[in-house]
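Pasting a structure below so you can have a look.
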Amino acid sequence: MMGGNDQQAYDRGTSLFSPDGRIYQVEYAREAVSRGAPSVGVRTADGVVFVAMSRASSTLMEAESIEKLHKLDDHLGTASAGHVADARQLIDLARRQSQGNRLRYGEPVGVETLTKFITDHIQENTQRGGTRPYGAALLIGGIEDGEPCLFAADPSGTPNEWKATVIGGGRKEIQSHLEEEWTEDLSLSAGIELGVAALAAHDDEFVPGDLAVATITEADGYRTVPGDDVADAFEAAGLTTEDADASDAEDADDDDADTADDEE
Amino acid sequence: MMGGNDQQAYDRGTSLFSPDGRIYQVEYAREAVSRGAPSVGVRTADGVVFVAMSRASSTLMEAESIEKLHKLDDHLGTASAGHVADARQLIDLARRQSQGNRLRYGEPVGVETLTKFITDHIQENTQRGGTRPYGAALLIGGIEDGEPCLFAADPSGTPNEWKATVIGGGRKEIQSHLEEEWTEDLSLSAGIELGVAALAAHDDEFVPGDLAVATITEADGYRTVPGDDVADAFEAAGLTTEDADASDAEDADDDDADTADDEE
Amino acid sequence: MMGGNDQQAYDRGTSLFSPDGRIYQVEYAREAVSRGAPSVGVRTADGVVFVAMSRASSTLMEAESIEKLHKLDDHLGTASAGHVADARQLIDLARRQSQGNRLRYGEPVGVETLTKFITDHIQENTQRGGTRPYGAALLIGGIEDGEPCLFAADPSGTPNEWKATVIGGGRKEIQSHLEEEWTEDLSLSAGIELGVAALAAHDDEFVPGDLAVATITEADGYRTVPGDDVADAFEAAGLTTEDADASDAEDADDDDADTADDEE
Amino acid sequence: MMGGNDQQAYDRGTSLFSPDGRIYQVEYAREAVSRGAPSVGVRTADGVVFVAMSRASSTLMEAESIEKLHKLDDHLGTASAGHVADARQLIDLARRQSQGNRLRYGEPVGVETLTKFITDHIQENTQRGGTRPYGAALLIGGIEDGEPCLFAADPSGTPNEWKATVIGGGRKEIQSHLEEEWTEDLSLSAGIELGVAALAAHDDEFVPGDLAVATITEADGYRTVPGDDVADAFEAAGLTTEDADASDAEDADDDDADTADDEE
Amino acid sequence: MMGGNDQQAYDRGTSLFSPDGRIYQVEYAREAVSRGAPSVGVRTADGVVFVAMSRASSTLMEAESIEKLHKLDDHLGTASAGHVADARQLIDLARRQSQGNRLRYGEPVGVETLTKFITDHIQENTQRGGTRPYGAALLIGGIEDGEPCLFAADPSGTPNEWKATVIGGGRKEIQSHLEEEWTEDLSLSAGIELGVAALAAHDDEFVPGDLAVATITEADGYRTVPGDDVADAFEAAGLTTEDADASDAEDADDDDADTADDEE
Amino acid sequence: MMGGNDQQAYDRGTSLFSPDGRIYQVEYAREAVSRGAPSVGVRTADGVVFVAMSRASSTLMEAESIEKLHKLDDHLGTASAGHVADARQLIDLARRQSQGNRLRYGEPVGVETLTKFITDHIQENTQRGGTRPYGAALLIGGIEDGEPCLFAADPSGTPNEWKATVIGGGRKEIQSHLEEEWTEDLSLSAGIELGVAALAAHDDEFVPGDLAVATITEADGYRTVPGDDVADAFEAAGLTTEDADASDAEDADDDDADTADDEE
Amino acid sequence: MMGGNDQQAYDRGTSLFSPDGRIYQVEYAREAVSRGAPSVGVRTADGVVFVAMSRASSTLMEAESIEKLHKLDDHLGTASAGHVADARQLIDLARRQSQGNRLRYGEPVGVETLTKFITDHIQENTQRGGTRPYGAALLIGGIEDGEPCLFAADPSGTPNEWKATVIGGGRKEIQSHLEEEWTEDLSLSAGIELGVAALAAHDDEFVPGDLAVATITEADGYRTVPGDDVADAFEAAGLTTEDADASDAEDADDDDADTADDEE
């Protein structure tokens, strides 16, 4: 993505600016996120939708153990992309903070408050030496004061609120699809379809079983969407599994068993 | 901005002077600020005005989540430019200090006092190894003893008081415009118009919705200026949105979705 | 496995990302695991099976002292691969955590909970400077809520749940064999045979005495499988020791006594 | 000022001597001081005089916020030159020490005692690694036992007592002027005139408003000299503002708004 | 033993893996052990035997002060090879742990338990930066539950149990001799003879006085074998001192008095 | 003084020996001392004499503020050479130790005891990384048990007792003069003359006012010698100020005002 | 003594092994010892003898202040060689340990026990980064259980017991002389003569006054041998001072006064 000898002079640590004011290690951490499978978040009129690509590298891996989507509290959840072990640290931190908020104040932490708590922590790893940035991004969504809301946290520690967005690989095509198709009045199921279709805009060779989907609504809180409903959305999005199946199986055969499973 | 092999010998750490007495990492941090969108501060007879460019990189991003302007206390606010996550750390520090002052002394912290507390903290990150400077600048404004006052804090940790100034990209043109047009007896709304016009002196392809505006007055304290009032100032400054709209939409289309949103 | 000058610019520490978002030290730690002898884990209908290659480098070394398989609690065990001394540290940590859980809560720690405790610890060694990652991988298996389950922890700190998998050398061939032959309804003894046969898919020059086998079932908890039963499984898997014996002895003769015994 | 490859081998840290016994980082810190605007101190029969060049880089900057002169105690003050943020840290330290002395002993700290407290602190930053020297120099003046006295502290941490001296840019010409013109029996106002004239020996393109002047006398303690009195001294020193005014305005126009304001 | 530019990129610290998953500093520490004189351990039916080459570099050095064999507890001893001062630190640690165990539990520490305590300590020095591995190996032997047992600890921190083994120089030839001649039913004196003969397989130019021999039996605990008994074993092993004597003396004459005595 | 590429490989830290067993940073610190003005110590039958070159770099500098000679206790004093700020740290340490000794034991600290306390502190800065050696040397003299005695402490931390010696620039010529002229039975005033003459052996272009002289005797303790007495010794030593005066004034004219005053 | 580019890759720290298992910084510290004047220790039937070369670099230096020999306790002493300030630290440590032992146990510390306490401390400086080894060696001698005994401690931290040995420069010739002439039944005065003669085997251009001699016997404890007795031993050893005197004086004349006195 970048190049030249000059860059190498400034990209070996988080405690260095380059002459043009960049922090290369943060940009490289973004590359680590781009190497991961994408996770989409969609804010709908009825709640927040997460659709994550969660394809196992082997037929013997339990796909649900890949864990791209996580409940944080009754009405609060997160989707991750990038370096799995890094994401887990951030998710653990988010969970502890959510639980602590409930204990201290008797109520759930706000979506924005929690996001900024996480991004402040991420930022600290981009300024001090002796550590590297987190190679992971998070979407944090929930219901706050009855309204669905969706935030993203990136490896620089910048929080932003979104109507719909994507983290991980294929960001350009997926975000474009979301920008074209998102409307304020989407139903929850339309949101799921949009998420599935957006992922397909980047790479349509997947089957419903490769997806993890969750919703957060006022009525039902955080809820994992069952496989059948995912398959329905898959069809509704006009996707077919036939070619995908074939190519997926082929992929599995070609798969080098030594491939790392740490970028999802 | 600078060049040559000699520079590279001295620009890898905050704990190094170059032979000509410069601290390059601080200069690079200034470059990080220059890469961000500009924020203007104007002291008027009636109060302090902040006008910040706050344009979202995607139509799906909630522009208000970019957060260039922040209330610190009833009569105290700040505008930031540069690396977003770095600025957030400084703003958090300013807020905690403001709150602590209220708790300890039962009164708001002074604008100059708060600015110097922040710049002392910034300076420490420019002298010790193992960290990098903050890649952000702040304007801090408020009412002190009934008088509006405005300070700026830069990445070297130098505090200065201003009648009107700008931090972030396009400093040269914007500051020139301010120097030519600022007068002691500006009304608050004239101050807003001046801020909008000054930003346009550098880059006039923006719409009112790309701006965040806030005022701090004795009567009303810190107050976010509503979109309609911003649009009025926009028109009063003689700007039209037609070409800007077109080019803005075009920009959005050309936008590489991988572009970082951490420099605002 | 990788090459080029650029790589060398980014592979000297855990606190560095490469421009393409990789953490080379973690990838090199995976190489350390690949240099070790393989350990297979198989989830069967009746329990979890571990089959580990545990061949001594000298006829005078006590093969059981190589210790690839470890009981962690009554219904909880682990198999390791890679750098022996590193694995020992992780196993000690797992044991202390298991015992602590029993003391605090009066019940055994869950398989997934324990795995994630270990992987969180592993991740920390991949982010901070001044240390290297662990050059070891673990399989953690047990009975949880009456069901067998099997997890793997790799040097990046990524946890994954598996039906059957392998850590250590020859991963590609062994995992392929497992993918082809594993079925949901395997009996425990069929699981042992599958493990033995899978190891032979990579390298069939071993004798039953080179293997360590353990099972974890609801009825019997963690149990080391006696040599005779291993020999039965060896035969049932269609393997013969004749050629292997010869070549093994030959190997021992050729063995350079200076060879390190720390990668098993 | 210096050059050659050999120098670069020894100039990257405060914890290194060069083969000829120099500490280059300290010499570079002196360069940082030389880049700043000069501050003159003059001991007169009636008290100590500080005259500092305090010219704002923009007409909108409040010149008094540049703060080259600081009261430390009733009869104790300081003038700074060099890196502004560094100087502020030293001045804060001097203030805290002055206040502490009053609290502990009920009397003001001595001028020499305070200077040596500051220089000991400066020295520590020239010997340990992980930090850089202070890029600032101070003049410390006051009345001690009824007598005016004046000390200077440089970036090496060396304290010296002076009849009259200068820190910052143009040292050579200004110090020469002082050496030629200073006499033991100067009146306070003659001391101010000498200070103004000495500054003009280096660069005479300034107006009275570009100067900050303070005096410390037994009778009045630390006292900021009003602008009118500064203008009188300016005229008494035989200076006219006409050409200066013009060139100053021209300078302001040419001023690159990106120029740092941290060296004053 | 190894070579090439690539290796040098990864061999400067314990906190680095090489691309092929090696920790070079640990391998170099093994070289330090190989530079030392060998120590043999033999498990016999009656107890554990240690035979160590303990030749002084000068006729005026007290050979017994070389101290290759150490009693740790009544039925527990150790033999060392490699960097003498490093080995001493490990032996001190083992002694303190043995004494602590007796104090806390009223019984001697187990051989395996003690070995693993030592190897865990050794491993820590192979993972964190800021230190080097121990350049020493230990044999730890004793009587546990009435049975003789023998462990080895190498610079990687790997523990292994052995019937008979050697640490230090000449490992290949000595271990081969042990593999060919060791039997389960050796008497204690046969074990001593085997140890002496095994050392001679690598280098037979030594006299009985160059050897240190100790045994650990249930009946007598740790016992240093007297010189006469060593001489008997020497003869029983079919060795003669004549040529050896001559060459030894010659060696002593040729000895460079500047030679270090720290690798034994 | 030294050269070559090999040297540069070992001269960047106090925690490094060169292959020939040298610690270059200590040798460079000696160079720093050699760059300073010389201080002579002479032990006479009646007491210890210090004669220091203490020439101000500007006619406006208070020469006595250069402070080469310091009283430490009633019968104890010190003379310094080299880096002024470093010397001050050592002198502060010596004073605190002298005072502490009086407080704890009710009597002055011994000359040798104090010297070794200081040299032990100096040595520590030559062994640990992260710091540089002290670039200063001290003479410590006093009356102990009624006898005058004189010690020197150099940057390596070596203490030595002397009949008469010199620290700082021109050591070779000055020490030679002392060796030729010193006798056991010198009177105090003869000692002063010897010190003055010895300094002139290296550089005779100075005036009495450039010298600082102090004596320590049983009768009078530490005593600064008045200027008139210094002038008498100057004449007694056969020196004239005429040429010196001229050249000194000339020197002052040529003096670059930017010259550092930290090496005296 | 060593050379080549490869060596330079591994010789910059105590926390590094070279590929052939060497710790170069320890070897360089030995070079520092070899640069020093030699100290001989001889165990005789009546006690331990120390003979040290202790020649002053100037006729005005008090030779006894060079202090190569030190009493540690009534029957315990030490002789040093190498870097003087480093040796002093070790000797201080030995003294504190000796005194502490007396306080705690009411009896003197054993010679071997004390030596190992010192060498353990020395070893720690050879393993951790951030420090260098001690550039000094010690002989430690005393009467223990009525028997004279003599140990040496070298920069690696290896302790050895000796009948007679030498530390410092000229080790090869001096040790050879000791090996040829030492016998078990030496009288104390014969031991002194042997020590003097051994030193002369390396360099015979010295006078009795250049030597420091001490003995430790059961009857008299630690005792400094008077100059007359040293002169007797000098003559008894067949040495004459005539030529030596001349050359010594000549040496003194040639002596560069800038020469360091820290290697003795």
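Details
Chains: A, B, C, D, E, F and G, in written order; residue numbering restarts at 1 for each.
Here, a residue touches a chain if its C-beta (ideal position, glycine included) is under 8 Å from a C-beta of that chain, and two chains touch if they have at least 3 such contacts.
Here is each chain with its UniProt name: A, B, C, D, E, F, G = Proteasome subunit alpha.
All values reported here derive from a predicted model rather than from experimental measurement.
Common neighbours of chain B (Proteasome subunit alpha) and chain F (Proteasome subunit alpha) under the contact rule above are D.
The rotation relating chain E (Proteasome subunit alpha) to chain F (Proteasome subunit alpha), fitted on Cα atoms, amounts to 105°, rounded to the nearest 5. Rounded to whole angstrom units, the spacing between the C-alpha centres of chain C (Proteasome subunit alpha) and chain E (Proteasome subunit alpha) is 31.
Under the contact definition stated at the top, the residues of chain G (Proteasome subunit alpha) that touch 2 or more other chains are 14, 30, 34, 129-130. Traced around the ring of touching chains, beginning at chain A (Proteasome subunit alpha) and stepping first to chain C (Proteasome subunit alpha), the chains run A, C, E, G, F, D, B. Within the complex formed with chain A (Proteasome subunit alpha), the residues of chain C (Proteasome subunit alpha) that make contact are 9-10, 14-23, 26-27, 30, 34, 116, 119-120, 122-124, 126-130, 151, 154, 156-165, 171-176, 178-179, 182.
Considering their complex, residues 1-2, 7-8, 11-14, 24-25, 28-35, 58-62, 64-66, 83-86, 88-89, 92, 125, 129-135, 252, 256-258, 260-262 of chain F (Proteasome subunit alpha) touch chain D (Proteasome subunit alpha).
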